[in-house]
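After this come two complexes, each holding subunit A, first together with subunit B and then together with subunit C.
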Partner chain A sequence: MISLHLPALQVVVPLISAPLCVLLRRGFGAWLLATVIAWTAFAISLALLAQVLSDGALSYKMGGWAAPWGIEYRIDRLNAFMLVIVAGIGALVMPCAYHSVAREIAPERQHLFYAAFMLALTGLLGIVITGDVFNLYVFLEITSLASYTLVALGADRRALRASFQYLVLGTIGATFILIGIGLLYMVTGTLNMADLAARIPALQELRPVRAAFAFIVVGAGLKLALFPLHLWLPNAYTYAPSVVSAFLAATATKVGVYVLMRFIFTVFGARFAFEMMPLGEILMVLGLLAVMVGSLVAVFQTNVKRMLAYSSIAQIGYMALGISFASVNGLVAGIVHLFNHAAMKGALFLALACVFYRLGSVELDAMRGLGRRMPLTMATFVAAGMSLVGVPLTVGFISKWYLVVAAIESGLWPVAVIVLVASLLALVYIWRVVEVAYFREPDGDAPEVTEAPAAMLVPTMALAAACIYFGIDTELTVGVATEAALSLLEGGP
Partner chain B sequence: MDVIGHYNYWVSIVLMMAGFYMVIASANLVKKLVGLNVFQTAVFLLYITMSKVSVPDCAIDCGTAPIFKEGFTVYSNPLPSVLILTAIVVSVSTTAVALAIIVRIKEAYGSVEEDEMLRRDGE
Partner chain C sequence: MIEAMPPGLVLIAGAFLLPATSGVARKALVLALPLATLGLVWSIPDGPALTLVFLDYTLTPVEGSRLGRLFATAFALMAFAGGLYAVNQARVVEIAAAFAHAGSAIGVAFAGDLVTLFVFWELMIIGSTLVIWSAGTDSAYRAGMRYTLVHLFGGIVLMIGIIGHIAETGSVTFEAMHADSLSRWLILAGFLVNAGAPPLSAWLPDAYPEASPSATVFLSAYTTKTAVYVLMVGFAGEGVLVWVGLYMVFYGIIYALLENDMRRILAYSIINQVGFMVTGIGIGTQMALNGSAAHAFAHIIYKGLLLMSAGAVLHQTGKRKCTDLGGLFRSMPITTVCGIVGAMAISSFPLTSGFVSKDMIGQAAGDQLLALVWFLLAAGSAGVFLHAGIKFPWFVFFQKDSGLRPPDPPWNMWAAMSLFAFLCIGLGVYPAPLYAMLPYAVNYVPYTSAHLVFQFQLLLFSGLAFFLLLPQMKRTLTLTLDFDWFYRHFLPRLCRAVASRGSETRRRVEHATMTRIRLVLEPFFRFHRPEGILARSWPTGGATVWVAVLLAVTLVIYYWQGAR
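Then we have the complex of A and B:
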């Protein structure tokens, strides 16, 4: 009985926990509830993935209303995989959150932090699971509003400025998506993705459909921080509380990429997007610029969190590049990189949360000689960093491999070369941290620090271990990504 | 091209651009927020306009609310109004969150001017 309603529970369980967190009024109680709920959501997402892998796509009628009128939750391989990524990161971040939040957020605000966190998780899961475009917009706003609040909870007053900037750009992005959805409804009279996909091919000459496509791509581009729409991202990730940076960096922009893929391939169809509209060229140019500019700017940062934020912009460029090929290998690269980047950025930002917990700073100067004082944290950072560079036997290598193969297949040698050059840039900025942490002596007056608490260290190391494990055993990630890519290219959900 | 018949759409686009311009051009955070509100309101108008149904040989108002009664034959589509009700709620919440952030910015910086904030952070 319960297994029939898993799709609804996936969203409803974290949603209900948010007001409960507010009612608990105590940091510890709210944390305990949020942790239990995050792991429950993770378990539900795994059960859904298992169900989808064995029986094929699921359709769930919300409230029992049939599809074109009611809201349909439709789960195929792509979004089952995304659900596991989002819920998994949420489940791993929560154990870290207790110590980190206790240090960074005032006691009277802690339960509100967990409430906002649960709302953000709800929104992200909702965006991924829904098969209705308006429902997607509503969840997008739920998660955005919760994220603005989470960013504003940062200790530095610049967090407020970052949050406001994020709010303005995020709202413009979401409103663009709303305009796009309105234009589509105007000509098709439906909001269901499968229904839209069936009606758009006959209407694709119409101007509203083309305008809708442009609005939705730009709106999603703002949400996923596609260069040059990334301005909100560096400040938001730098000044947000450490665990929020880890959670948002690993999930929010990935969900943005998912929204873009869903609209391009499922709703509009690959033929419309890449043959009638010049989306392939646009995404390729912007993706390459993001990869180069993001990596170059990252090299010159002295705040490690900001460095990783710029690196995220570059990594999003890789995903956009993967989509731009509109080929199986390109899409596999994009989808696998969604997973891989979530694991490695999650591990890197959580390692920084450990560093911040002990040092109270993530400036490069403060991290001198940290390799000896916090060996496990820094070893985790290096392992995930190597994955970011794309060293063989890590997940980063797998996604770059597929990306380069896709580039060569399309006969675009220069693109493959740029991907490799950008990987070297990643090596440069990761190496700067390694050099400071392992080959510099700490200042004489540097505070004595020990390893971070186990509750923070274990999830961080688990994510880093995932970076290596899935770099060797690619059966699950590449297997799911290949089938998802094939079904996306066929069109239809 | 039917210019007068698309009156509402023109208004919607003008409002949208005016709001967008305010968001970009003003340095005062409250003005930015007002701009954002105008921008969102323009989209509400777009949705409400498209739900209106009118038939060629008919006076001004043709499509009515969906009432099952004699004399009411052409209905306007109620769904966009429902959708936009949700979007209005979203917009109100966004405004509330933004105002809360502005209040805290005022407390932390003593100003809600963007250039002033940048100066006080030494950037």
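Then we have the complex of A and C:
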């Protein structure tokens, strides 16, 4: 019985927990509830993935209303995989959140933090699970509003400004998506993705469809921080509370990439996007710019959190690049990197949360000699960092491999070279942290610090372990990504 | 699935285990791990022993072959002797890193496909960099950094080549190929970077001598010899390698003759010796390949021995320049004898391992009627005796009396040296076991009167030349410049020199030049610095303009596409 309604529960359970968090009015109670709910959501997502892997795509009619009139939740391999990524990161971040939030957020606001966190989680899961474009927009707004709140809770006063900028740009992005959806509704009369996909091919010549395509791609580009629409991201990630940076960096931009993929391949169809429209060229240019600029800017940063934010922009460039090839290997690279990047950036930002918890700073100078004082945290940072560089036997290598294969398949040798040179730049900026942490002596007046609490350390190390495990055993990630890529290219949800 | 574990994994896993142990257990582990690996190496039958599916490919992480086993045996022996040499003196992180390095090299020797090869290739880089850094000095840190950058660059070249090769042929198998397309040229180039081939040879003498005494011993064996192994499997008979190899032979000799630091002499001599092997691979006949393989095996042992004796001197005296040393035979007899045995082996004295291996390459050149190659190889052999055979032992152990009276090194060091000295002579006297391991049936008799006469002439005359030219050979306090000088010193010094010139007009001219250089480079970096246009925080309005621009541009493009 319950298993039939898992798709609804996936969204409803965290949604209900949000007001409950507010009602609890106590930081600890809210944290406990949120943690239990996050793990429940993770369990549901795993059950859904297992179901989809064994039985194929499943469809769920919300409230019993049949599509296309009612809202349909449609779960295929791609979004089942995304659900696991989002819920999994949520579940791993929560145990860390307790200590980190206690240090960074005033006690009277902590329960609000957990409520907003649950709303953000709800929204992200909803965007991924739904098969209805308007429903997608609604969840997009839920998650965006919750994220603005979460960023604004950062201790630094600049967090407010960052949040405001995120709000303005995020709203523009959401509005663009809404305009695109409206245009599509105008010419097709439907909001269901499968229905849209069936009707658009006959209407491809219409200008509103093309305008909708432009609006939706740019709107999604804002959400996923595609260069040069990334300007909200560095400040938002830098000044947000540590666990929020970890959660958003690992999930929010990935969901943005998912939205882009869903619209391009499922709604508009690969033929329209890449053969009639020059989306491949546009994404490739922007992706390459993102990779180079993001990596180079990261090299010059002195705040490690900000450095990782710019690195995220570069990594998103990799995903855009993967999509731009419109080939199986390119898409596999993009999809598998969704997972891989979530794992490594999650681990890196959580490691920084540990550092901030003990040190009160994530400036490069403050981290001198930290390798000896917080050995486990820094070892985790190095492991995830090596993964970001793409060292063999880590997940980063898998993504890089597919991306280079896709580039060479398309005969684009220079692109392959740029990808690999950028991975050297990643080594340079990760190395700056390693050098400071392991090869520099701490200042005389540096505070005595010890290892972070186990509740923070264990999830961080689990993510770093995932970076290595899934770099060796790629059956699950690459397997799912390949199937998802094939079905995306065939078209239709 | 675990029918055949990659033998190298024992050492790699042991590397992680070592820091967790202490005392006797650690020492036992250091000695036991290489022996266990050696046992595993010989338990792997010919042919694919383990396959697994990774990504879309069927990989063969373990594939036994005669050649791979030969190299893996040498690598494991080296790990054992190096471990024995280092066990009491070196930091545990150094031994651990060296074992990871050795394990990865053994992994390469058993890699049946290009993906496995690349993975172990990169792990080797990590291991060796950590070995260099474990010296803990500032110069070792910087040298390690340069070392890594060169090798990561080589790794990128190799990776693009491998992926291109797989895309072209659809096969991941690591087998003989020809440099006939861009991707295979890139693979060859990636291999050659590790072999110490020009123009990037300088990484080797730059990095190895900066490591600790025992670390240099480890380093000498693996990186270049794995490159020899993969070249032999992949590019046997590739004509260009003959000339690359000959270049390396003479490059090594010339720089070693000019050098004053004893371990840098030996480092240049590695390039020289690898040059012989690469030449043999380029000739590509069975005789030549046998010669290169045998020479690689013998070289690992005698170069390890030479660096052990140099390391023992460094460990006991703390001095590394020939000008500071001399007359040590009085108080370090064991080290002296071992150093001389190594020097004899490298110069191919009869009854040493060098004699039974190296001349096979020359013989192969002769058989193929490659007269010029043969002459150059013979000249190179004479040069080896000059720079390594006489120069190293003469200046370190004899020459003048430097007044130093250090005792012989601790027991484990001289035990390791004696083991290798024994092997050098043993293989020279009784080469049959070595010949039995070679990839092809051996059709070569080392001890003929013609060989002996030729070799003694060579040695006598070059020995004569050395002592006649002794005044010129005597090293003063010098530094030799290599290609790396350009990027390490020339550019920075040029900048400093430009900044400190006194004359006003000159300063103005130079200032203008510098400004122009800055004009080219600066904007590029300026955009990316924290205050730069690409990195600073934008006002919301400015960010919105970008959104509008992008939307407008895409709209126009999409409409225009429709209007066509």
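General remarks:
Keep in mind that, in the parts below, the second predicted complex is superposed on the first by the 493 of 493 C-alpha atoms of A that agree within 3 Å, B and C clash if a C-alpha of one lies under 4 Å from a C-alpha of the other, contacts with A are read in each partner's own complex, and residues count from 1 in each chain.
The rule is simple: a contact is a pair of C-beta atoms (placed from the backbone, for glycine too) under 8 Å apart; a residue touches a chain by one contact, two chains touch by 3 or more.
Everything numeric here is computed off the predicted structure, so don't read it as measured data.
By the touch criterion stated above, A:465 is placed in contact with neither subunit B nor subunit C.
Of the two partner chains, neither subunit B nor subunit C is touched by A:62.
Of the two partner chains placed by the overlay, only subunit B lies in contact with A:163; subunit C stays clear of it. Contacts of A:207 after superposition: subunit C is touched, whereas subunit B is not reached.
With both structures placed on the common chain, the touch criterion links A:172 to subunit B and to subunit C.
When the two complexes are superposed, the chain touching more residues of subunit A, out of subunit B and subunit C, is C.
After overlaying the two complexes on the shared chain, residue contacts for A:417 are found with subunit C alone; subunit B is out of touch.
By the document's definition of touching, of the two partners only subunit C reaches A:404; subunit B does not. By the touch criterion defined above, A:152 reaches subunit B but does not reach subunit C. On subunit A, the patch touched by subunit B and the patch touched by subunit C overlap at residues 164, 168, 172. Of all residues in subunit A, those touching subunit C in their complex are 164-165, 168-169, 172-173, 176, 205, 207, 210-211, 213-215, 217-218, 221-222, 228-229, 231-232, 234-235, 276-278, 282, 293, 296-297, 299-302, 310, 391-393, 398, 401-402, 404-405, 408-409, 413, 416-417, 420-421, 423-424, 427, 439, 474, 478. Residues of subunit C that touch subunit A in their complex: 54-55, 118-119, 122-123, 126, 141, 152-153, 156, 159-160, 163-164, 166-167, 182, 525, 528-530, 532, 534-535, 537-538, 540, 542-544, 546-547, 550-551, 554-555, 557-559, 561-562. Those residues of subunit A that touch subunit B in the complex are listed here as 134, 137-138, 141, 145, 148-149, 152, 157-158, 160-161, 163-164, 167-168, 171-172, 174-175, 178-179, 182, 185-186.
Listing the residues of subunit B that touch subunit A in their complex gives 20, 23, 29, 32, 36, 39-40, 43, 46-47, 50, 79-80, 83, 86-87, 90, 93-94, 97-98, 101-102, 104-105, 108-109, 117, 121.
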